[in-house]
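A, B, C and D are the chain letters, set down in written order, and residue numbers restart from 1 in every chain.
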Amino acid sequence: MRLELKGLTKKFGSFTADDDIDLVVEPGQIHAVLGENGAGKSTLMNMLYGILQPTSGEILIDGEPVAFSGPGDAIAAGIGMVHQHFKLVGPFSVADNVQLGREHTRGAGVLSARAARKAVLDVSEQYGLRLDPDAVCEDLPVGVQQRVEIVKALSGPKTELLILDEPTAVLTPAEITELLQIMRNLAEAGTSILFISHKLKEVQAVADHITVIRRGKVVAELEPTASESEMASAMVGRAVSLQVDKTPARPGEPRLEVKDLTVVSDAGVKVLDGLELTVHSGEIVGLAGVEGNGQTELARAILGLVKPDEGHISVDGADVHGRPPARRIADGLGYIPEDRGRDGLVSEFSVAENIVLNQYRDAPYAKGGVVDAAAVHKRAVDSIAEFDIRTQSPDETASSLSGGNQQKVIIAREFSRPRRFLVAAQPTRGVDVGATEFIHSRLIAERDTGTGVLLISSELDEIYALADRIAVIYNGRIVGEVAPDTPREVIGRLMVGASATPETPETSTDEDADGGDR
Amino acid sequence: ACGDAPTDSGSDNANASFLACMVTDSGGIDDKSFNESAWAGMEAAKAENDDIDVKYKESSNTDDYDPNLQASVDDGCDFIVGVGGLMAANVTTAAQANEGIGFAIVDGSPSDAEGNPVETSNVYSIQFDTAQSAFLAGYVAAAQTQTGTVATWGGMQIPPVTIFMDGFAEGIAKHNEDKGTDVQLLGWDEAAQTGTFLNSFEDAAAGKSTSDTFISQGADILFPVAGPAGIGALTAAEEAGDAVNAIWVDTDGYESTEYGSKLITSAEKGLAQAVQDAVQAAYDDKAGNGTYVGTLANGGVALAPFHDFDAAVSDETKAEVEALTQQIIDGTLVVESPASPAAS
Amino acid sequence: MSDSTTTEAPAEPPAPVEEPEQKPNFMRVFGRYLTEANSVMVTVYSLLLAFLIGAILLIVSDEYTRSTFSYFFARPQDALQASWYLVRDSYLSLFEGAILNLNTLESYQAGQADFGNLLRPLSETLTYATPLIFTGLAVGLAFRAGLFNIGAQGQLIFGMMGALIVGFSLDLPIWLHLPIAIIAGGLAGAALGAVPGVLKASTGAHEVISSIMLNNIAALFLVWALGTSFLHSETKSDLVSKPVDDSAVLPGLLSSLNPSLRVNLALVIGFAAAVFTWWLLSKSTFGFRIRAVGFNEHAAATAGMRIGSTYTTTMAAAGALAGLGGAALALGVSSGGITTNTALDYGFSGITVALLGRANPGGIVASALLFGALKAGALSAQPDVPVDISTLLQATIVLFIAAPALVKAILHLRTPRGGLVTLEAKGW
Amino acid sequence: MAVDTAPALVDDRAPARHARAGTVYAVLGLLLIAAAFTWLGGKTTVIAFDKTLTDASWAAPTFAIVLVLGALCAAAGAWMLVGLPQRRFRLASTVGVAALVLSLLFWAYSQEGTVFRAESILAGALFLSMPYIFGALSGVVCERSGVINIGIEGQFLMGAFTGVLVANITGSIYAGLAGAMIAGSLSTMLLALLATKYQVNQVVVGVILNLLALGFTSFMYDQLKKAEGFNDAFSVPVITWGPLADIPVIGPVLFQQKLFVYAGLVMVAVVWFLLYRTRWGLRTRAVGEHPAAADSMGVNVNRLRYWNVVAAGLLAGFGGAWFTLGNSLAFNKNMTAGLGFVALAVMIVGRWNPLGVLAGALIFGFTTQIARDLSAAGSSVPGEFLQMLPYAVTLVVVAGLIGKAKAPAADGVPYNPGDK
């Protein structure tokens, strides 16, 4: 399929997300689209897939203009899409998720579970994407969920154009290697692919052509031979430094001791399984691992939102058993939650209210049960200045801030009070390069004042940049603690539960594709 | 306030000189019970006399009595009928404040807020000793039952309801005593004053299922004292087939309901007639502070005709009912209920 | 669920301009304002549309007017005239029952009626609005914590009983007796209100189910309690309670002008409760917590707020407000004794009031006053205006106000600059 | 992607202790035993099959039975206390609750003059649970597709009113039933329109619909009252399945009921089948859980929601007809008496699942029937407390057994294409 976009524009109210975009995807071509967060990539793809209607412009397929009133039309036209935000119905089985919208029936609309199961197995066998069709999606690790998404996209009646919106964000290096291979195979078979990724190495490895979008406009067309820094500066519009300066750590006494921690989920799964971990003052311990291996529960257990079924957690030398989160926060536990929208911010609250969200009862922000609006305002003004939060005023609602600035609000909340220990989960997720630099340097500065930091990140690059020690989590257990100079593939193997040394030496031809750009 | 617009109820007495007004109790004008009967009396008074016009105000609860009475005064009503004993104090107060207007209270007598009797010059009291008609109904029920079990249930445990149940129970007891029968009454224990109540006058579906329960416990004559909810007993009787029948209250159910064929008789309360008479008396300036107590003697309460059951009720029973009626009228037989007008 | 306005405040109506040469300009701005779906105009148009629908129903329900339509094409003026008079008189009598009676005004001007009589419709409006202020606040406060308090009815009933019991059983001077009785009402309501909160916090039981069940239980409990010798009137045989002592009766606000003016101190307490609720929500740390939990309980929990105890205390506070509404009845208009009917459906109407008031104390007071006026007007205008018209009016007004997009579509209004102000929809 | 990352499952055969629940069951069981010794010596509970075996009845020794049931309940508690396999916990709590309920039942029917007429009581209970089944099923269909339907009460009223009206006009009860369904559906159409097209808060719409239906039916009732023959009672015949109806217990309960009962039971099965076994059901559940996912697979979310809500109105309207046609009654103002809200509760108790709805409705119908039966039999417990029984039982069931019921994730959230 040959796809051509002519002057595609999308406005949300007065805000233009995509502005006059021209783009051509030749049959069998892998076409990468690059751009910062919020550049308009997903919006563009959503228009292509019929989810959003373009404000103006044209989409041509094999030279014929098309108009999609919904994804149904796009699917019928031979387009499949893997969405950046998973579009899986949690309580459904894999087979049901895959057949949704094009159900296998025995006539009269009655579902045929057997046919649905078989269809999943067929596709997954064909592309080597192993899946259990009866597994319930919400119980699956994100990596597997991503696989379901890909199988879904490939299961269309005649998928000739595949849109992959950041499909590699949650995959392990080995999984990424396989995905890239699948993409190449598909392209060879004639399928056109639109590929979005922030990981420039992947793009270099697989793309036939690269389009860079900035602030909704096409700013550059590049060949895959372009260097990483060329791509990065095209995206951001300025030269970017990817290095973080830091001195060697000087670890002190233990600030976090986790012993034999076990947490059983409602579904009866041991999400943490006898986990042991120690973090000292003045060091950053990076917790590496594929998402869904217990990182979330560990962070929540440290804060006190999850009650351990077994084991002990000590913060700053004291067993915190039975202490409510408020007490732990007051005692100097800092916490940057991984899911900003869900756990970090009350998006209807003002920036100022969000900045004091966990201190609203403490002096000077409240006296005798009454919030001191002036003190809160002053604190907000100070924090906005100190952390360079781009907002029109402290009274603006948090929802109107861009993602990076929302994250800065949380950083400002946690970094402006005395702290002994900090849990930073995915602190730079969805944050642009400039803000990432800022947050990283604050984390280092934090360490240097003697705070113990547990950095939970699914970005190996971030862990490499910051951690003084790396612990790898797999299936709720720490499967290895390694030095920060350990090679990527060793950690990659630990992350999928294999032993640190390969039993069968793998052909690591795609070593450069394993990493990201940060 | 109303200008030239035609008023409600197709009024042809628009130029009448005498305006009689009625304030309902909760339940509203179409409660198939005493509000509706009283309003029928008002309309009858109007139909009889071209110079009388009538109007009503519905109360949704006791808090509405005062504003409704006041609004009736403001509307220039010449005679104001308050329906329901709960309104007695409110009517009395309004009457004291508006000596120029005549008032009437149905199912109650002038009293102060504490319920103590009060002397007034302009409150006419309308009451009924329905225990008397219910007594006859109970006697008939005891005579007609095949299973030896009859049942009653009420809308709510309040005097206008329990007075029927007391009379019914006594009528059965009288039959058992005189005729040596052992007819059981379900749903009301007169001595303990406890029984089965829906706690609703509207929920006919609950009335039906309660009646079904009584039927399954062997009752073959039902005596519901619950206004419109009582219809549930009639549908239950209808569905249960020929073996189960009912007795209605307040009005002659043969006329007022669709279930005449299931009704042996009714324990009537001549509310409409009494209200009509009161309005006419007020028109004639003769109401004043009189008291009317409807009894078998003055025809204010009565046992309705047997209609379809005329053949089914034996002549012997008819004669006995006749005799009992006479004894009650004579005063040789006294039907007592804690809720009787004399006792309240 | 929670409710909030999704957009910034609507543009203020432009101030009248002095200079004559700018007048056309002002007219244009003003005209634009009128044809825009901003929150003020949506409210105005909602009322107008609702009254229009009410007018159609009135015409349909009036036999005479309906009959004039049968020969509409022969003599349309009959039908039009009849309809006009009918609608005009009906709404006029609603107005007279709720705000100002023109006849009384005439008599007053002629010196035949005293000033008190003139105030009676307003007094009635305020009287009926009073319990609605409390129950509206009870529902609205819980909304703000993301809780749907469908149980204000039961809480009001408990409050009524609590206030009543203290009101007749203690023997105290008025300055002590009245406050204690009022507080007892609040506490009784709080006790019942706390139950769904505790259950939700401890077992996860849905507050909607538990409060529906408690409503029914409370209503039946009242029936039973009224039959006990402790509560039952000593002098009346009907199912009515003892009256409260004079020392526990809420004094009338205007009874010195005319004893029939029923509006009493409860109204002032209602306003005070609204101000307090506003203060609580927007100024206190407790309110901060309520709002945070209501908007996003996950973020609130992560910030160390205790969700369970917030549910419990908020529901207790909401119950206390509804309970105060019960006390307002038991110690006010129903101080002569409460019955099974005294609570009417004030608790359920509170839901509508709170939704219409967008869960803001100020809005709740305003919508309670509107509903009070509709009720007072409907009561006084009957039987000429069917009582159910008032229910239908209430429903249609709220319908249109809740659906600005609908009003905008019907009247082809323009979208205001900040977008439509609508109630934000959120799930269970 | 060679290695699967399946986390460890907890062994569901390993014993675990449940201190709180165990204590509750153990204490309740012991209390029952103590109560049996204190009050129940020599009492009997009479059980009769009053419709088929009219002459027979059995006197069961109350003391012994309550003793055994109490012991059973206590044993369930003890088992929880010493530790039981995770997968047996449900069994233990079901045994505990069942023993508790049964023993209370035996106890209640040991009072003087009470007879447990099993067939009448069970048949009546099944009939009484019908409005909840229809109302809650309507709620299930709406909420499974992501639209909160708090207006069941209003749909009941519309159905009850229109059912009688149409039956009167046409003279056909079946036309009346159809009319009731259409009326219910018309009133949900307003909900559907406002919820999908105008994106109004669905709870607000529901509350308004209730108010509108109340006002409208009351108003129309007054209007039609002026003329004869619009509001006469019509009744649905009882359908008897020949000899099947003579089987003890099952016969009177299942094979000698009105159309409503069969329709209700069939609809439970039908809605269950549709929801879990058909294309429509898959899409409906997807739309209620994750509309964006459904949309991305070409499902028109708002159109599906719209028609589902409209279809759900058919069910609620039919349930409304139960109040009038089902009970052979004429329409009366506000005759649904808040049962629409109870249906809402039944829907939540049933966890948005048709089978759960059936269970919840049966609990409610059964306790209501027991309360009426005991009250009619002259129980010493005040009638008001008996009437509280269904509400109290629901409260206990919800708090004690059901716990947190999870609504469909997108329930009540309007969908805009492009939402994440």
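Keep this in mind: a residue touches a chain if its C-beta (ideal position, glycine included) is under 8 Å from a C-beta of that chain, and two chains touch if they have at least 3 such contacts.
As the structure is a prediction and not an experimental result, all values here were calculated from the model.
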Going by the touch criterion at the top, tell me which pair is linked by more C-beta contacts: B-C or C-D. C-D
Just give me the whole-number Å value for how far the CA centre of chain A lies from that of chain B. 76
Distance from the CA centroid of chain B to that of chain D, rounded to the nearest Å? 38
Which whole number of Å gives the spacing of the CA centres of chain C and chain D? 32
Which chain A residues sit where two or more other chains touch them? none
Would you mind listing the residues of chain D that make contact with two or more other chains? 222, 382, 384, 387
Using the touch rule from the top of the page, what residues of chain B touch 2 or more other chains? 199
What chain pairs are in touch here? A-C, A-D, B-C, B-D, C-D
Within the complex, which stretch of chain A touches chain C? 303, 305, 324-330, 335, 337, 339, 342-349, 353, 357-358, 360-361, 366, 369-371, 373
List the residues on chain C that touch chain D in their complex, please. 1, 3, 57, 60-61, 63, 148, 150, 199, 203-206, 208-210, 212-217, 220-221, 223-224, 227, 351-352, 355, 386, 388-389, 391-392, 394-396, 398-399, 402-403, 405-406, 409, 422-428
Contacting residues of chain C [partner chain A, same complex]: 4, 283-289, 291-292, 295-296, 298-306
Touching residues (chain side chain B, partner chain C) in the complex: 1-10, 26, 29, 55-58, 60-64, 66-68, 70-71, 74, 85-86, 89, 111, 113-116, 156-159, 199, 338-339, 344
Per the contact definition, I'd like the list of chain A residues that touch chain D in the complex. 46, 49, 51-52, 70-76, 81, 83, 85-92, 96-97, 99-103, 105, 109-111, 128-130, 141, 143-144, 147, 152, 174-175, 178-179, 264, 268-271, 273, 290, 292-294, 474-476, 496-498
